[in-house]
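Several structures are given next for inspection.
First subunit A sits with subunit B, and in the next complex the same chain sits with subunit C.
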Partner chain A sequence: MKKHILLSLFALLLSFSMNAQSHPKDKHDHDHSEHADHDHGDHSHDNHKHDGKAHDDHAHGDHGCHFHHHPEGQEYTPKDVANTAFHHISDANVYSIGPWQIPLPCILYAPETGWDVFLSSKFKFKSTGHGDGYSAYKGYILDAGTVKRITDPSFPRDVDEVPLQGIIHKTEMVDGKEKTVAYACTGEAMYRTDPKSIADAGIFGGGISSFYDFSITKNVTSMIIVFFGMLWLFLRVAKSYVTRNGMAPKGLQSFIESIFVFIQDEVAKPFLGHKYLKYQPFLMAIFFFVLGLNLWGQIPFFGGANVTGNIGVTMVLAIFAFLVVNLSGNKHYWEHIIAMPGVPKWVLTILTPVEFLGIFIKPLTLMLRLFANITAGHMVIIVFVSLIFMFSKGGTSMAGGLGTAVGSTLLTIFMMAIELLVAFIQAFVFTILTASYLGAAVEEPHHH
Partner chain B sequence: MIFLAIDFSVIKPDFGLIFWTTIIFGLFWLLIGKYAFGPIANALKVREDEIQGSLDEAKKAREEMANLNAENEKILAETREERSKILKEAKDTKESIINEAKETARAEAQKIANSAKMEIEAEKKAAIADIKSQVGTMALDIAEKVIKKELNGSPEHESLVARFVDDIKLN
Partner chain C sequence: MVGSIAAIGMGLAVIGAGMGIGKIGDSAMQAIARQPEAVGDIRSNMILMAALIEGAALIAIVMAFLVAGV
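This part shows the complex of A and B:
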């Protein structure tokens, strides 16, 4: 009986992964042409043209100003592959299940205009599109699923909803750095937009912009779903320890217990010794939260939310680990960082700064490792699928398309299997490293 | 540089996502940690201790059983020895009783035979004495009758007769 369920589950996954291949094609038809259009041109020239025609644009509307209209036979270039991949791994203000876009609540704050809360359906995006809003709402636009804010003060603000003719992306030099800036066209004029504020201190070209996005995004929605799923699962399992007290574990309890005991015996106990019960809930929370989100993102055609592949999420998890480790650190731990006992004074001048930096480098590596692994996995799968559209030359080359489809399907299935493994491994690695840092922080001094 | 309409946004930590992740993971840790991970870990520990306890107990019981068996064996051996001892004793006792009885019976028989012999002897002696006296009297009578004619009742004759009577041995 169980074998049948497993088999049908496998078949379902397989059919999803097959469907996933037709997915970007739909996208391509509707959406990607926009990027392709821009990508083909010489951009400095493109910009120059826009700048030069600025007056005409205002008068007659912009020819480059449109949403996605796909000219037949348009080639699908490596740049389009990159765009597709970046789009799919990004967080978004819409949730895509299969070809459908589901609106999500937007909670936006701009110091200039205050709080705005509305559903992203106000942007009038197409339910089977790419997540481009066909209207601006309260001075915000939806560009490929992401909210941006129109900064131009001349944008009409007397009405909430302003229909758009299109969204244009230009490369501009901002503070000596090349940046892609989105412009919203109303048909009368183009209005510059700001991306949301980013907590990267400007390192990755982000920084504080004119607004903050506290929306329930695709990633937040995924976290909420996984949170409630896990809550239901674990409360059920915890309950069965009460109702089945004194009996052997069974079913779900038995399944979860095997994973639970694995983490307990391989991670918590070896590193924390007799203190394991105190810190185990934190380690388990890290493990199951990361595992749950990793697996949630692996479900093909179900949003493929790249939650643990977003540095914002891994950053928070790493900060939690950092705080738990350092707030639990005992005298012995700090002594070894500030002044390693038994080391000559002059060596300490090198060692202490290194040890001090280590406090921060450890969570930093936790953050980057999880982020990079999950993002890479998601991208590889998208790229494999995208190859089909690249080699079919926008649907004109049947042989190229079919040939790549076979190879890509096999590679994608293989990658998905690897990713399933990676989901477990990365959750385990994050947990075991946190446990080892924690173990070092709470270790009792040994007298050598 | 490749122009991309969509940037590599996943490397940009977004304030909203940081905010919500903090809240959701915080709640996850708090709620599931408190109501699931803690109780499960405790239940597992209790069960582990229970299993260890049961195993230890079983081991102890087995050892006790082995001890008991050894003791039983010992007792059995002792009992067997005791039995054979008792049997031996009983046999000895039987023999001694039989022997004693035999001895007693023999002695009694001897005694009875002796006394019978003595009685017979006495009876015989009395009878002989009786016969002797009767024979003497008879002889005396006869002799008197005979002698009456020849002998007088002189003492010489009487002693002579008595000597004669004594010489007669009735055997």
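This part shows the complex of A and C:
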């Protein structure tokens, strides 16, 4: 238990150069050995539409590749809902807009074969499917939008492209844990694949595998888009302060100014006092970046990017907060951590370890809070949509489907309104907590 | 089995956080009713306190996840 926590903390720190993305399928698809995973009922993509057509393309393999289609009326169980939800909140190597899949660059590194850089369109996935590649490229396959690597040494590696019939998922025991393993099926044989390395010490279903993914994934693309959007917005606003010097703010300028001044007056000044100007750029950067990413993820049918709901992203933000707080901590701050003045000696034996742990727990909760709030919001919406498929009993119950569809749609709209609020609140909370930790670190001692 | 116990633990953490945040909301509402001009200060402090409570609940939930060994 203790070992697990230490391991996970260490691993979390390690993973910040990587896209830490959970592979929920690996842990939730326990008994999918009988049917191809991508046939699990709904698999609605970010457009939340039933995407049944793509399933029909799987040819039936003759040599060990058996694709079991869900028969009409197949129950759509809560477990399928969980799978769908986890699939949609995880990162992908394709960007989906509406029903279309847009290829993204893959930058992959395997110790055996070295670096491989190519566009994920090489996997020949259907442009309106759900991101299953029908071709293996340089030993990599695309399974539901995520790159996996064929580890089987017997796989023909002399050719770059090998056409695939499909991908089969089996449940296997790996290191004493049940895991779903994807097999690439060429029609003649099946080849075992590895998911990408995730530095989480195997706790969230990841671990170090045979390759590393440094791709420009869906989340990275979203971050780049939000970054340039923010750059454009703020340069424009900054310019209008020059051109409209001395005049009242107008249009976009007055919109941004009101938010900016709100953060300045509510967050920066009360917590940081007269030093607020030094740390204000950092607080503003965090606030607007988190807000931008939160709102970007709220756009329906547009990628459904879950960037701030990715623990890797929030961890990097929290690490920045951690570094800024602790590197600007003054003597007074460290004194209160190492030996709180005015406290009996024996109390210090308890207080100092607690205070010391507090240094790390603060950024840890920053990381978890943003991650959990945004992820939960995305999941609730997906679960509401999935309810339609559950109650329509795989398309057989018209009344159930229609009734739930109306209720679910209304609830989804309600949830999205709440999520809009949460997007602002969480960006605000991240900033205000960073400011309060920062305020405690740079506070001047009071002489009584 | 361990998973079910972890789920109960998660539920308890949520109950605790819910009570805590509810109490904050209660007193914030009362404070605003008594002193409507201080609504801005009260609101941001309310959010800050709720976020701190949420942090404790989140740690409990993550611990539950780890124990369940997902």
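Basically, the second predicted complex is superposed on the first by the 375 of 448 C-alpha atoms of A that agree within 3 Å, B and C clash if a C-alpha of one lies under 4 Å from a C-alpha of the other, contacts with A are read in each partner's own complex, and residues count from 1 in each chain.
The rule we apply is simple: a contact is a pair of C-beta atoms (placed from the backbone, for glycine too) under 8 Å apart; a residue touches a chain by one contact, two chains touch by 3 or more.
Small disclaimer: the values here were computed from a predicted structure and weren't measured.
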More subunit A residues in contact [subunit B versus subunit C]: B
First, second, both or neither for A:101, with subunit B first and subunit C second: neither
Which of subunit B and subunit C A:257 touches, first, second, both or neither: first
Touching partner for A:197 - first (subunit B), second (subunit C), both, neither: first
First (subunit B), second (subunit C), both or neither touched by A:317: first
Contacts of A:227 with subunit B and subunit C, given as first, second, both or neither: first
Partner chain in contact with A:215 - subunit B first, subunit C second, else both or neither: first
Subunit B versus subunit C as contact partner of A:169, first or second or both or neither: first
Which of subunit B and subunit C A:266 touches, first, second, both or neither: second
Overlapping contact positions on subunit A, where the subunit C interface meets the subunit B interface: 204-205
Touching residues on subunit C, where the partner in the complex is subunit A: 40, 44, 47-48, 51-52, 54-56, 58-59, 61-62, 66-67, 69-70
In the complex, subunit A residues that touch subunit C: 1, 4-5, 8, 27, 177, 203-205, 266-267, 361, 364-365, 368-369, 372, 425, 428-429, 432-433, 436
Of all residues in subunit B, those that touch subunit A in their complex: 1-22, 24-25, 27-29, 31-45
Sites on subunit A touched by subunit B in the complex: 34-35, 38-39, 43, 79, 82-83, 86-87, 89-91, 107, 144, 146, 169, 171, 178, 180, 196-200, 204-206, 212-217, 219-220, 223-224, 227, 230-231, 234-235, 237-238, 241-242, 245, 257, 260-261, 264, 277, 280-282, 284-285, 288-289, 306, 309-313, 315-317, 320, 371, 375
